[in-house]
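You will see two complexes here that share chain A, one where it goes with chain B and one where it goes with chain C.
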Partner chain A sequence: MKKIKYLLIAFILLVFFPQTVRAQSLGLGIYPPLLEVTIMPGKTLTQVYHLTNSGEVNLTMTSAIVAFEPSDETGGVKIIENTEKLQPLQFGFLNADLRLGQTFSLPTGKTQEVVLIIKVPETAPEKDYYAILLFQTSPLANLGGQSASQTQTKIGSPLLISVSRTGEPFRKASIEEFSLKNCAKLCIIDSFSPPQWLVRIKNSGHSFFKPLGKITLQGWLNQTETLDLLPQNILSDSTREIQCQKEDQVVSCQSQSKFLIGPFKAKLEFGLDDFSNDYQKEIQFIALPFKLGFGLLILVIILGLIKSKLVLDRD
Partner chain B sequence: MKIKFCSFFVFLFFLLTGPVWAVHPMESDNFKIDWPNLNMGAGLPSSDNYGLGVTTGQTAPGLYEGYGSTGFKVRAGFQYIHSLIPFTFTIDKIAVDFGVLTVGVGTTDTIGLTVSCGSAGGYTITAHENNPLTSSAASTIDDTTCDADDCDEVDAGTWTLSTTYGFGYGMSGTDVPGEFSGGKYKQYADLSLPTPETPQAVMTGSNAGRNKQATMTLKVNVSGLQAAGVYENIIIFIATPTY
Partner chain C sequence: MGLTRSQWARRAFLALFIASFFQGVSLLVPSKLGSATLTAAKDQLGNARLSFSSALEGTHVVGQTTINIDTSNYPDENTNHLFPGDTAHIGSNNYTVGTIIDSDTFTLTSGLLSGDTSDDTKIYVDQDTNAIHTISFTTASFVANGAIRILVPANANNTNNSDGNPDADGFDLNSVTAGDVTCPGDTTGFDFVAGTATDAGTSGWHTFECRYSGSGNTSTALSLTIGVTQKLLNPAPESSHVQGTADDYTITIRNLNSAYSTVDEVNAKVVLIEGVRVSATVESTLSFSIAGVSAGSTNCGTNATSDVVTTVYSVPFGSISNFNAFYDAEQKLTVSTNANDGYEVRMYEDDELGKGGADSPFIADTLCDTGPCTHIAPQEWVTLSINGFGYSLQNSSGTDSEFEWDDTTPTTGFKAKQFPNYTEGSTQYTASGAEIMSYNDPVDGSSVFVCYRLKVSGTQAAGDYYNTITYIATPQF
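Showing the complex of A and B:
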């Protein structure tokens, strides 16, 4: 009887007072995922953010504003804990019950709205400031005396802030690379392999911009094809590999043509935050049916060998 | 006569008045709004959550024209993605329990990572550790350098020998860096070093998408010289959309 009592107590303790919650999922969502601002010195703006707990555990969160710089040429961010780069901009929350940096609870399934306020002092230098609004969880698990790794999750949303008195900050670009992938200077491609372009654009101005433009492919038989550039942000003093778009889908900058033959011209043209041909570059290449020719050659050789073998056998 | 006059007046009214558009560009010398969507408010709004002064407007209003009149232009979200779905990151457990560590027997466990880009164009997930696995007596299990002493927080290497000791991780699944192919492992970037190491990407995607999944395999193997104790650390994930 005593044994059953102990077992019952142990069962109740196990069910109602679990020692660990480590197998439960942790999920966070943030909206908007990006904020782009061009603002005058002396002005203030606000933006509402939504942070959602989509996991299975109640969370304790804190917030921070950190600086970032590009980590690669594909839009990745490298967080810089030192916020000196963001001086003298001032960030805060307008919520009545929550300040930036203050701890708050976020129960499972709930969304916390925060109103971010950005103040730009009158004396702020006219340049770009790249920041991330970052929310982070506190480690949760009760490890129960076992060797273990706890997890902590941070989720952020980048802010691209360009301070300018005129609203038209100095923008300048250069085409770092416009070439066919896997192709040397004298470009000869196979007719059955659709060409794919590598577009790398450098921002050498003072403000981020989006290249708006296209790649036009034109052949000697007047075949034409147009690929629209994806309007991706290029930050000041950085280079970005630009992708293309088709029917609202992000695609690589690759021709959709199944067969090309003869000499071709590919022309890249774009403007900065504006459709124009301010920046242009043209490359030429030749498409020939190598694989088909090679296949035919092999076939001819094999047939020749068979024929000669038959002649030898007959002799 | 009066009826005739009234009919004529009504006829003229319909004939001469132009169409009334619900959305029409508004402009003056100082500003131009192509697609006006004006929101107005009065008084001082307040609730349990907010103490707003005079802020009115809407979430993600798109690009404001009329820089001179407002002093700013703002765009929330991506121009080429028409979605209000949040960027979401999920891990399937909040801690990895290695249990009792046995000498020369590598212990592994996994964390499932899921990313839904939602309204974001792409994303990066990085991982690092606050410090190597450390006991309450300040003993540490060093980060692995793999079988050929060729892996660190940047480069991955093969780790299959039971005589290779340390702590590390491998990745498999969608949008995982190619260096992990073949079941390779690397160290976590260590934040406790005098010059903290840079967190490394464990998942990177340049296209929008839902439920992109990957698995992180954590591995620890200790030698007979390792001091007894309970070893712990914190693995920190940072999820950010691309810009």
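Showing the complex of A and C:
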């Protein structure tokens, strides 16, 4: 009888007070997230990577090196599965117990350190090689007799490798576009709408670079404003839309002025991995208070109509 | 017999005369006044950081931004108290310090200009910002019509001590003039006039003075400042300087009488030390996580209430028995990175859902209602007669999703895309617009719900259908 009572209590507890089921998470962290390196032919480079399992499940991982190219003008990567573009560079791990491509386990809360070695043969052409070190989880082998999608996770870290004998690879840029956004040919903007610039820089050299420079806005009363370009990587044979920075924060390249009036000049100047004015372009525009003028015009018309109505009523 | 009134008067007069005589004699030979000590004396310096003084090591080139300093011949022998953002005067121009690379190398934010590149070109970082000396003390004696004189130690070289560059053994005058001296306010016994500032010349002391009229007073707290528009330039480290140990300098405060003789005097110490550069390297990292979501979640709207519990590894739709309903499920993706250029997350399916994981038969990717939707272009998918497999997104934290389920119809819609299909073109998932999350800046815990939707036709061949969805998280370069 006592046994039945306990079983009944247990049954009630299980049915009416179920345990909260918390969904598990899979978490991966990688360091460093980006490697930029210039290396001479015939040299070898090693870089330590840390892969951390920050989730709540133990993982089985594999690694791979793949090539990539820019997918757009904002720094996105387009993975190219074959590694032809990386030839003749040789990639591997220096770990005693782990080879590139080999499966390894990564328990929850643990970090796997891998030492990536990149060998650049003496005969390697002097150019850039863009690769990604990818780590991927192994999917479950058995989904248990049901229709399902199983998920797999990859996390990668891009490598920008510039092979150069001199350490000063050929760098060349062109200003693809320096214009006011929303302004085609006749650039007249409203005084209350701060101008925003579109900066697109093309890398026509053999090596990636960062543009270091600024946009200077100068008005007819010599008032000036400066926007610093964000030093973003531009890969060879690609174009990138560059953003600006203010106090180490990324911002759009937009004037902070609340009100502008009259003719203005905006000058873009930058150097490649160096602050200089090697590359320059200037545009001009005019700021006029359209909206205010339009508002005043409407106001005058309304007042005029009211006045004529009053005159008519009086007559 | 008593004295008459007249006799009393004569005697009193005689006594007064004698007393006045001796007083007059005493005034002819006055006793010397002993010098007392001013008390509560101090010099509060608004900026107690030593100036930096070094020079280029070796010939640099025009445009060079990496600067190597001489480590043995100048007051500063390393970069330990240079700071990013300091204004460095090199040769004839001012530059901004960018980063400190190591003990003898730092970078500038702009390249060296012509004329500033030779070996041993001087590098100074002047510490005169807020370097206001506030000198206070309490008087000891009555000193009538006198002056307060402050002596500030300076280099004994008449040129060096006032050239606007820091010296290793004293304060540079740095163009401080009388207008930069603020005398004490007038108080009982003191009526001050404007101050003066005198170059040390070869004396070793810059002199600042505030004269006053009045009787002077004892125990009166007075305070004056040196530094208004121009401020004295703090010294560079002494030759015997040990980093981390302050260099102390003695400021002398005097109360002079009308004949410019010192009546009261006291010394006050002022100490200067390197600034402390606190630095910490925050390592860049990227972290990505997937979490399962419980059944009943409505993150993509109540019309897409999730039917199953998902895990980190799977989206188990289970046994499909209702051919007149959508099967919905969700997972949550979260990304954090402090990489400057942000990140992106893409996904692809290895193939459409295939029976037993095989190529055929399969459950096709959805074409959406008025489609076709693709892996790039989303469309509404709310019509039950449209079968297939697709997904939508909903921001959970941040605004990083490529699109959202309610972009078109906020409450009733389900804007969906096909999964990029690897077997139908391994580059589908790399196409512009196929990413599911991205951001161009560092993010802290941006998260998105991925809402899976499956609708199966009643004529679909019975069996278990599988595929694999792969998520790829990469930093942007």
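Points to keep in mind about this one:
Just so we're on the same page, the second predicted complex is superposed on the first by the 288 of 315 C-alpha atoms of A that agree within 3 Å, B and C clash if a C-alpha of one lies under 4 Å from a C-alpha of the other, contacts with A are read in each partner's own complex, and residues count from 1 in each chain.
One rule holds in what follows: a contact is a pair of C-beta atoms (placed from the backbone, for glycine too) under 8 Å apart; a residue touches a chain by one contact, two chains touch by 3 or more.
Because the structure is a prediction, the values reported are computed rather than measured.
With the C-alpha superposition on chain A as described, chain C and chain B clash in the combined arrangement. Touching more residues of chain A than its counterpart among chain B and chain C is B. With both structures placed on the common chain, the touch criterion links A:Gly55 to chain B and to chain C. Once the two complexes are overlaid on the shared chain, A:Leu26 sits against chain B and chain C alike.
By the document's definition of touching, neither partner reaches A:Ser174: not chain B, not chain C. In the overlay built on the shared chain, the residue A:Asp274 is in contact with chain C alone; chain B does not reach it. Using the contact criterion defined above for the overlaid structures, shared-chain residue A:Leu34 touches chain B and also reaches chain C.
Of the two partner chains, chain B and chain C are each touched by A:Ile79. Using the contact criterion defined above for the overlaid structures, shared-chain residue A:Gln243 touches chain B and also reaches chain C. Among the listed stretches 3-11, 39-47 or 129-137 of chain B, only 129-137 clashes with chain C once the two complexes are superposed.
Taken together, the two structures place residues 21, 23-34, 52, 54-55, 57, 71, 74-79, 130, 132, 134, 139-140, 143-158, 160, 230, 232-233, 235, 243, 250 of chain A in contact with chain B in one case and with chain C in the other. If you check the complex, the residues on chain C that touch chain A are 63, 65, 109-111, 283-294, 309-320, 331, 334, 337, 339-344, 349, 353, 389, 426-427, 430-432, 435, 438, 440-441, 452, 454, 464-477. If you check the complex, the residues on chain A that touch chain B are 20-40, 42-43, 45-48, 50, 52, 54-55, 57, 68, 71, 74-79, 94-97, 113, 115, 130, 132, 134, 139-141, 143-158, 160, 167, 210, 230-233, 235, 243, 245, 248, 250.
Chain A makes touch with chain C in their complex at residues 21, 23-34, 52, 54-55, 57, 70-72, 74-79, 81, 130, 132, 134, 136, 139-140, 143-158, 160, 230, 232-233, 235, 243, 249-250, 274-276.
Contact residues of chain B toward chain A in the complex are 46-53, 55, 57, 59-60, 67-68, 70-80, 82, 84-101, 111, 114, 116-122, 124, 129, 133, 198-199, 201, 204, 206-208, 218, 220, 230-243.
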